[in-house]
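So that you can tell them apart, the chains are marked A, B and C in the order they are listed, and the count of residues begins at 1 in each.
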Amino acid sequence: MDRFSSALLERFGAERALVARDQMLAYECDGFTIHKSLPRAVVLPETTDEVQAAVRIALAHEVPFLPRGAGTCLSGGPTPTRPSLVIETARMKRVLEVDERGLWAVVQPGVVNLALTRHVEGRRLNYAPDPSSQTVCTIGGNLAENAGGPHCFKYGMTSDHVLGALVVLPDGELARLGGPAGPRAPHEPDLLGVFTGSEGTFGIATEITVRLSRDTEGLRTLLGAFASMEAACGVVTDIVARGLVPAALEILDAATIRAVEASVYRAGYPQDAAAVLLVELDGVELALDDDAAEVESIFRGHGAISIEQARDPEHRKRLWKGRKGAFGAMGRLRPDLYVLDGVVPRTRLVETLREITAIGRRHRLTLTNVFHAGDGNLHPNIAFDARDHDERARVLAAGHEILALCVAMGGSISGEHGIGSEKIDHFRLMFGEDDLDVMQRVKRAFDPRGLCNPDKVLPSRTACAESSRWPAMVARVLDAEPPAAESGP
Amino acid sequence: MTTRPTHDATDFEVTARTAVASEAELRAVFAGLRDDDPPIRIAGHATQQDAVAAPDTPVHVVSLAPMRRILRLEPDDLTCSVEAGLPRADLDAALRERGLWLPCDGDGEAGSLGAQFAIGRIAPEAPGPLASIGARAVLLGMRAMLAEGKAFASGARVVKNVAGFDVHRLLAGSRGRLFAALELHLKLRTLPRATASFATDELEFAAALRRFDDLRLDSAPPARLWLARSRDASGFVVRGRYDGAARVVADRVRRHQLEERTWRHDDRDDRDDSAAVERVGGAVPPSRIAKLVAALPSSAPVRVSGSGSFVTRLGRDASDALLLALPALDGHAEIERGARARRGRGTPLDPGAVRVHERVRDALDPRRRLR
Amino acid sequence: MSDASTPASWHANTLDCVHCGLCLEACPTYQVLGTETDSPRGRIYLMRALAEGRVTDTDAIRPHLDRCLDCRACETACPSGVRYGHVLEAVRAELRAQPPRTGRTTRSFRARLASFLLRAVVAHQGRLRWFFRFARAAELSGLRRLARALRILPADVDALVPHVPPGPARRPLPAVVPARGERRGRVALFTGCVMEQVFGEINRKTADLLAANGFDVVVPESQRCCGALLVHDGQLEPARELARRNLAAFADCEVVITNSAGCGALLRDYGHLLDTDTARAFASRCQDVTAFLARAGLRETPARFAAKVAYDAPCHLCHAQGVRTQPLELLRSVPGLELVAHPSAEDCCGSAGIYNLLQRDLASAIGRQKAKALATTGAAVVATGNPGCMMQIAASLRAEGTPLAVVHPVELLLPEPPS
């Protein structure tokens, strides 16, 4: 056994240090399964000291390292690009402090998003950010990725709810950024702000101070079905223009409705609809009925085929069922699922969606759209079989075209999933060489040795920025060795 | 571009003042800078120079005041892009015309948007879901320039984006010492349908804090909320504003037995203070407001928001005592206004954070041209 | 190792997993260990790699597959409908058939002994009855205490295994227990192996409850152990043999009632195990006693039971059989009974067949979580419909010093005895 492995085993023991090659298989990817790469070892620290120890062992052996939460990331954030040490935070799941009157809590990074809300729900409090994977994803991962979710339109992203973090920097030293009084002192810049969303490349947060929110009094959930996507998007524009601020505004397109209705997630959405729009209002009981009536009238004004309002929690669950099951329903169609993530200005949703559908058709792919309409945050889903080389290449090509489209519309290549390794080749669609240079300098300020989750977010500057027909990722996949499944041992 | 020697009423030495009207002009200023030239202080309209730390050497003040265009305003997308020198008041007026507003503190205050972000006093006021954490929630992206003349962008113009590192977040509190912001992309909201301002009569501190906490911890808290003791007053008032649907706003005012009353902060213009009085601004976790007030002299004017950010005016000894007391309350603060040698002093910063900050400065302005 | 050109039959099932990870928190071993290799997603991934010939040393992954409780909570959480249990059981069978690659064995003595006992004793009703006669004698004569003192019987095993009830309680039920009052139908009762020997009283009460509510209860003499423990252990062939015998024993029974969730889950999965139409038809006739009675309706009001009760859902009832609301409905009809909230009712208790004997540390860590959760409910009694869970929960409660009584739901549903 090599010295690096021995050092890990000695410090963490066999239960908390995995070093066997075959164990690494389970860690070779996250929710983005197209990029796979074996780590060198995995450790499971339980304290800040142990995270520091793990980082120092890695540094001493010149081994790259990276943090990992629940591995639900959809952009390859916790997938090593080189044989690295994965620092898994799953055992760091203690809620360290709750200040009910101060409306904040301090948690370890492995605390599951929903578990924090469960922890404080008896006090009429909650942790507002709710990514779709909130039953399993960790707050540390949310911080690293600046996670979003369906309720961002009203409540903002993770960055709007993080007050402080104790960070093990990539050189093994500690830094305390922000705290319960706020993310920065008046006489310092917002270092926590730039740390948030740095995708595990600036260090590892080991204690995170988050803001808690008061539970609202009530909820109203409405579902409208429309004969055209224009109508559904028009409703969203009207709702926003009138100053209503729903907690969620979610749209499913016709292809998603068909996939959902054909699956176990059947929610009774009208199958002839081109789009269904789910609107959730929350706030003061007194206003909710008026607001719901107003939303209904906006629905009618745009010629809704059908309108449904949840009568009780069971009914609400049913209305949400199709939305929540959309990814699962797509997953059942084919062995693999690629969930894309892009943003366009809300007013350009309709034309963007039309173009995305055309791209899917051109590449002969099973493509559907589910999206956070209030934010213009699109999630085209492509169901495919990664073992089919040609199809896999077509998926990646379509993904690239869709992201280029989002940028051309004035939007972004990622609203909430991050760049990771997935979109590193798309980075230049949005940013120029000078932007890249400045971001690289900031990265080096945090990680001078470049060992903390390397080759993520920023493309290498030596790699030529020439325009080629395919982005490098597609080219790599096309040129890659066939996967082991086909070659065998 | 106009450059002139200066004898303005700053209490630090200014060798020259230049106002730039474009990115190209700023680049030209940076390009013309020789190693032995005085370093540069980036300013907006230079109205806040006596309210931030003074430079430690004579400086050339470069003002972005002529860069004051609204570049793009998309009411349906709820976003806009502005030049950094645009006065906040101009933007607020343009937005109000279209039924919009910039949902963060600092409205009605002097200075440009760039300065508001860079000085970093845009603190969250509201305890509710629309509250921002400082500049973060509204600043979607920016275009900026390093002292070496390199212009760059970060973030995006859309309301949701996680692409690349959010270098624009470093603007908040950077005081122009990392880069000069040129354009800001901002997130907007539709104006609330109804508002109701309220204020209580003067109350004993304990009673005022109880009312403040009741409102702050309500499931539908006011959009703005303050607990304040005026100069020369012995008691505290609670004041704030509800935003929202008319029925809700009226109901909350009734339910909490509040009196609708317009108010304005009476501490906005503190330039008349004697030199011995310092303005100290900072924040404590809102659960520790009682301890904050206990740490102040009983006559000190103070104003604390629902999220725990505060401003107070103190004599030197009292501000030193407060800066010493705050870490135990998990709070932090800085002397905002006062004698040149005193401004910018604050609660001790975490050494790790200071180290990172220095490394970021090394990376973005290695020659320390920005002071 | 399977030939790469003909991947194992279960390989296709692993492809349903899209690697979303929504199963992670449902998994008891992941919750304790935090390792991806001990999560459902990670295990599926390892099993898929195995089928695809990417695993170089099966011994490195075997312990992770052995640690799975097969509780199937992940199947409930899975949005893509992966049939995890089927994949795991097939892989365990395949790994069992392979000699360890390195010559060393990763299976403990205990695991091998357990495999042997399952095959040689539990699978044979007669031998099992003898075994328990011996165990009872050992208890009475102080042999059990002696064995414990000499550490032949490890303390944890001793703590887990309840005292063997006296002979009469272990006597098989009569062939028919006739309905009382107006007759509503006829059902067959599956009595199970452990259930009959350790919890014979509950079988008797189940028959009583059904009879009191108007059902003739037949108890076929030729029925055997369901084979669930063998399936979990990867011993598919002996399990199939038992299944075929049970098919024959219950051939003419319209409704087969189980009161042990673990047995019920396998009986209802005989279609998959045997892959014949007869087996599938049989499987569809099997029902848990609570599901059956909730549907038929209780004719007799249960006896008054004034206590706070927490219902704990056996994994093989809620996750494997999808029976969730019926036990709660029935318990709510008990006069005086206050059903308390138990948010983690569907979390595994760590019993999982003989898991608690093989993976002591993990099982007791999982069991402790269960006991702690139960302690916070404020209940005086916990009701759960599976013998293994009853034993494990009772042992965990004792270890935590929490004085809750453990009962089978059936025990709370019996009407007042006729005076």
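Annotations for the structure displayed:
Here is the rule we use: contacts are C-beta pairs under 8 Å (C-beta built on N, C-alpha and C of every residue); 3 or more make two chains touch, one makes a residue touch a chain.
Everything quoted here is computed from the prediction, not taken from an experiment.
No other two chains have as many C-beta pairs in contact as A-B. Comparing chain C-alpha centroids with the centroid of the full set of protein C-alpha atoms picks out A as the closest. A separation of 38 Å divides the Cα centre of chain A from that of chain C.
Remark: chain A and chain B have CA centroids separated by 31 Å (rounded to whole angstrom). Centres computed as Cα averages put chain B at a distance of 62 Å from chain C. In the complex of the two chains, the chain B residues touching chain A come out as 53, 74-79, 99, 120-121, 123-124, 127, 129-130, 132-137, 146, 150-154, 156-167, 169-174, 178, 189-193, 213, 217-221, 244-245, 247-248, 251-252, 281-288, 307-309, 329-334, 336, 344, 346-347, 349-350, 352-357, 359-360, 362-364.
In the complex of the two chains, the chain C residues touching chain A come out as 1, 3-5, 7, 15-16, 18-25, 30, 33-37, 39, 41-43, 45-46, 49, 52-58, 60-61, 64, 77-81, 343. Contacts from chain A toward chain B in the complex involve residues 99-104, 124, 128, 145-146, 148, 152, 154-157, 159-163, 167, 169, 173-177, 179-191, 193-194, 196-198, 211, 213-217, 237, 240-243, 245, 283-284, 286-287, 290-291, 343-347, 372, 375-377, 410-419, 423, 427, 430-432, 434-435, 437-439, 441-446, 448, 457-458. Contacts from chain A toward chain C in the complex involve residues 15, 18, 20-23, 25-27, 29-31, 33, 42, 44, 70-72, 88, 90-91, 93, 110, 112, 115, 118, 133, 135-137, 264-265, 325, 327-329, 331-332, 335-337, 483-489.
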